[in-house]
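Across the two complexes that follow, chain A remains constant while its partner is chain B and subsequently chain C.
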Partner chain A sequence: MNCVVTGGNVKVLAKAIHSLSRIGDELYLEPQEGGLALRSVNSSRSAYACFLFSPLFFSRYTSPCGQAFRCKMSIKCVQAVFRSLSSLEKTVEKCHIELDGDKSRLTFTLHCKHGLLKTHNLSFQDSESLLAVFDKDSCSNVLRAQPRLLVDTVLHFPPALEEVTLSVSGERVWFRNHLEDEPEQSKAMLTELCLSSDEFDHFAIGAQSSITFCLKELRGLLVFAESTGLPISVHFDQPGSPVVLSVTDSVLEVNFVLATLSDDSNLRNHNNNSTKRAQSPPPPDDFMNDDIDSYLIAMETSDLAGPPDAVAPRQQTSSRTPTTQPPVADHRRESEEEEEEEEDTERPPNKKFRSLFFGSVCPNDSQLTNQTMKSQEVLASDSEDDTQSGCP
Partner chain B sequence: MKFRAKIIDVGCLNHFTRVVNTISKLTKTCILRLTPDNLYFVLSGKISSGGVSMWCELSQANFFDEYQLEGVAPDANEICLEVTPENLSRALRTVQNAKCVKIKLTKKHCPCLTFAAELPTLSSISRVVTHDIPVDVIPRRLWQDFKEPKMPDFDVGIYLPPLKTMKNVVDRMKNLSNFLVMEANLNGEMNLKIETDLVSVTTHFKDLGNPPWGGDGSQGRSQSRDPELMAHTRVDIRKLQQFLMGQQVNPSKAMCNIVHKRIIHLILLHEDVSLQYFIPAVA
Partner chain C sequence: MSLSTQSQMVEDNYVLVASLDNVRNLSNILKAITFKDHAIFNATPNGLKVTVEDSKCLQANAFIQAEIFQEFTIKEESVGFQVNLTVLLDCLTIFGGSTVAGVTTALRMCYNGYGYPLTLFLEEGGVVTVCKINTQEPEEPIDFEFCSTNVTNKVILQSESLKEAFSELDMTSEVLQITMSPSQPYFRLSTFGNSGNAHYDYPKDSDMMELFQCSETQTNRYKMSLLKPSTKALALSCKVSVRTDSRGFLSLQYLVRNDDRQICFVEYYCCPDEEVDEE
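Up next is the complex of A and B:
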């Protein structure tokens, strides 16, 4: 592979590398006929990102003919090449990327002003193809927005917040912070932002839905989208199936595929929050409503002593959600799950992110035949299987 | 028990935010006392907080365009909440350009102060952001802990030099010592001193002026005092630094009362806001 990036595209490439570095530790590089693919996946395989730069993005692009070539390397090394974005913009005129298969070297040459050349020789490892299986066109819900809108939205949430819940219904979109089941949850601040469909460039909601995903990767993509000024599309379905964030342009295509929390854990979280809040979004015009009695809430200090009654709302929600388990069975299963989590400390994070790539998206097996890890559950394996086979 | 308030004016919002930011720099948690006329942020000198106490008083009419309060009982028309000022500050920080901010007491999963802001957008419909900040409602029997502290019978009261200057001095001194001696007399002179085995540093301020505390009896001890005689108190330098660092109120008046070897009492006045901060002496 031999390619040259010039002018403002050097910065675009640099921003892409920085975005990818928010996802995983390794950069997967695959020069293809249709362009250069840069990919990354996080260690728990719940987030995947792919930047595909078409040959037109480059002022010169030659891909290796013959057999496909793929490699991976530490993303930190590549990041080091494009370390300072501001000076990059001012000084670098051209970036030359060359792959020498024989010497196993990937060479980045930065042609700077005044004839200065900076050459980075990076070593790499051969790798398998990294491809997430997703079909964003089949998603029932699609939102497209200018990056500014999402940047302003994300700004309201604390930097330490890990996950955010996105809900859509009718003409509105809600973002709220997702809280884990923790004893201190009652002390946590809840933030909710309501956006009208007017603010989106494209707003197509097939089914009312509420998904929870990691904020970190979204922030990573926003860095890229904001610098390029390209709108972001959000494709999603039901909780548990991945959300695809994409940015497309004539010369590049970016897809971030993020796992979402599966329904039962969502449900559990909702039960601990106020049910009203979680299940049905608040009436849209609450804010405009100035009738004081309609939202002033009388409180008695004596009421505050006991914990909130969690049983009634739980049953309510169970019956409202399309679950095949009767509510009682649901209880039992959840409690077993919790026990398991306590015992099995080796499991990675005890979150219920369903694995992205492997089966959860594409039910059609024939499409998956070339996937090596077809139906592997990678993170926090869905404990339904265990319990169903395990219980008498 | 009901509370609802609304800020429309962006200047008021800004000002209120600065007050809350100042409080959040001083303490992790404090009491917010709401009365029909005023809001108070109160920290009572518990051992856990290093003995410092704070009393910040805001007149509601100067901040809020609407303010409705119904206290716990007709004979106690107040609400007393334990809040985390950092949360309030965070909620306010992101709504600085709001068209309108409403603050109300709500019962969600727990009692909350809900900040709801209407943010401007390009479309016809506003963006609405709400922050539910959990609070603890303080039962009436504990209210007595959060009364306004009495003005101590101080030895010397003095106007402070510009706080920025003072901050620069204290910041430097903090590198050398953990304790600072603040001394002042009725002749408008104030010294900030540190003393260690290796070094003694004193910064002298003069012609600061002494506030005329008129006839409220609290200045009994200072009246018959030799104007040259210094009253001094040794305090934890971090507490003083915290006070100087966090303040964003830009006070029109800043003063300090010293009770010899017992306490320093710092007062910031800015139109409608007063902030008092008490730092106890350390031996």
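Up next is the complex of A and C:
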């Protein structure tokens, strides 16, 4: 691969890399016929992002002929190439990216003002293809807004907030902080913003729904969208199925796929089989792990669950409002404990987020078991401190 | 500046008296060489030279000419002492080192000779603080024998362009490699870090290059940890001269303008890390 980025596009590329660094530790780079794809996934595989820069984005673009080539590298190293983001626009005139497969070297050459030439030779590893399986066209709800609207909305949430809940109903959209396991009730604070449909460029709600996802990645995308001034589309369905945030332009396409908190009551029964019923004492962990019966029960009941339209509002009333917080808070605290206990012993079966549905892990499931089978639950994506390495 | 009469009574005993209307003219330049506690002071009628060393591989000198001081009286040919630089800087900035225009701290620095403490009178807004810092036996600074006749390569750059490079340098690299050559790549800074290597090339005809005098290709490596303190001097400076001699020793000279637009110099000498075959 050999390509040249000039002028303002250098900053777009740099911003994209900084956005991706909010997702995962590794950058997956795949030069294709249709452009250069930069991807990242978080260690728990609950968040995935892909930037596809079309050949027109570049002043010159040649993709490798012959077999496909893919590689990955530490995203920090690539970030270091574009370290001074603020001065980038003023100093860098041209960026030349060259991939030398034989030498296993990715070279970024920045042609700067005053003739200064910065060359970064980065080593990389070969990698599998990283592709999230998602279909945003099948989502029943689509919102599109200018980045400013979402930036202003997100601004009201504290920086430490991990998850945000997005609810749609009729002509309104609500954003509220997802109440975590706040041990002290008095400290719990609910922030809620209500946006009217006419604030959005596009507002198509097929089914009222309420989804909870991580704010960190959304913030990452917002930084990018704001700097490019491109509108953000949000495609989503019911809780538990991924939300797709996308930014498209004639020369680039960005998709952030984030897992949403799956909190239909059936699944929660399965997740916390005994904790939910016996609220007070935390159960021993080994009991949690081999409770297959309740797992099966959960599968059955999930089949019997009503249509999503019916499920969503019920959840809202049962678990979202601050007045009915105690069960939620307890449940959350306990599931946190589970997480800590189980991380050592087993691949995590009972976690709050469903993973994204990567081609490799997603079997061609039948209609009926769809929901539960898909729920290859993995660690929550909510922070970068996950200890797992999480390679594909 | 009105100081207590008591100090003036004994002033006759001082071998060195130096006063400044704005203490920042001294403190800023001392900050540029603060990487070890002990600083060797050497005063001559020409001014003050302050030396800090590390591991016998790195030496930094700050020169503050006599003209910078409003008063500079020295009764001997040369006066030497050693003090703890961190303590001295704490004293010099005892009023908070305010950067508000018009508010300056005045300094009167007196030294009574061998065995006596260094006495500082600092005054700001009518408040006077007297600090006495114990002096130590002055050590002999290392002579790096860096002499201009042995200089093989020399470039003078505007600091702005080097600041950018130094702020971005890959600190996971143990060494900074400097290549100077009459042909390409002319002047190159290289790092070899965990993620790969990086090169910064400055062409000899760049606007940032004020002087380019390279007679032969030289590639030398210097420990990043040793060079890191020099970024403090770089940050203050407006021009920097990079020189290497035939042994590969590095001299970095920084031209620093103080608040009153007067010129001072800071100089760093650094030993090469190892011999590198020319590639």
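In this text, the second predicted complex is superposed on the first by the 266 of 392 C-alpha atoms of A that agree within 3 Å, B and C clash if a C-alpha of one lies under 4 Å from a C-alpha of the other, contacts with A are read in each partner's own complex, and residues count from 1 in each chain.
Keep this in mind: a residue touches a chain if its C-beta (ideal position, glycine included) is under 8 Å from a C-beta of that chain, and two chains touch if they have at least 3 such contacts.
What you are looking at is a predicted structure, and each value in this text was computed from that prediction instead of being measured.
In the superposition on chain A, A:91 makes contact with chain C only, not with chain B.
In the superposition on chain A, A:123 makes contact with chain C only, while chain B stays out of contact range.
By the document's definition of touching, of the two partners only chain B reaches A:198; chain C does not.
Measured by the number of chain A residues touched, the leading partner among chain B and chain C is B.
Touch criterion met: A:76 reaches chain C, while chain B stays clear of it.
By the touch criterion defined above, A:40 lies against neither chain B nor chain C after alignment on the C-alpha atoms of chain A. Once the two complexes are overlaid on chain A, none of the chain A residues touched by chain B in the first is touched by chain C in the second. Interface of chain C with chain A (complex): residues 161, 164-165, 167-168, 170, 194-203, 205-208.
For chain A in complex with chain B, the touching residues are 155-156, 158, 185-196, 198-199, 272-274, 277, 286-287, 292, 295-301, 304, 308. The part of chain B that touches chain A in the complex is made up of residues 1-4, 68, 72, 84, 87, 90-91, 94, 102, 104-112, 116, 118, 121-134, 137, 139-140.
Interface of chain A with chain C (complex): residues 73-74, 76-77, 80, 83-84, 87, 91, 105, 114-123.
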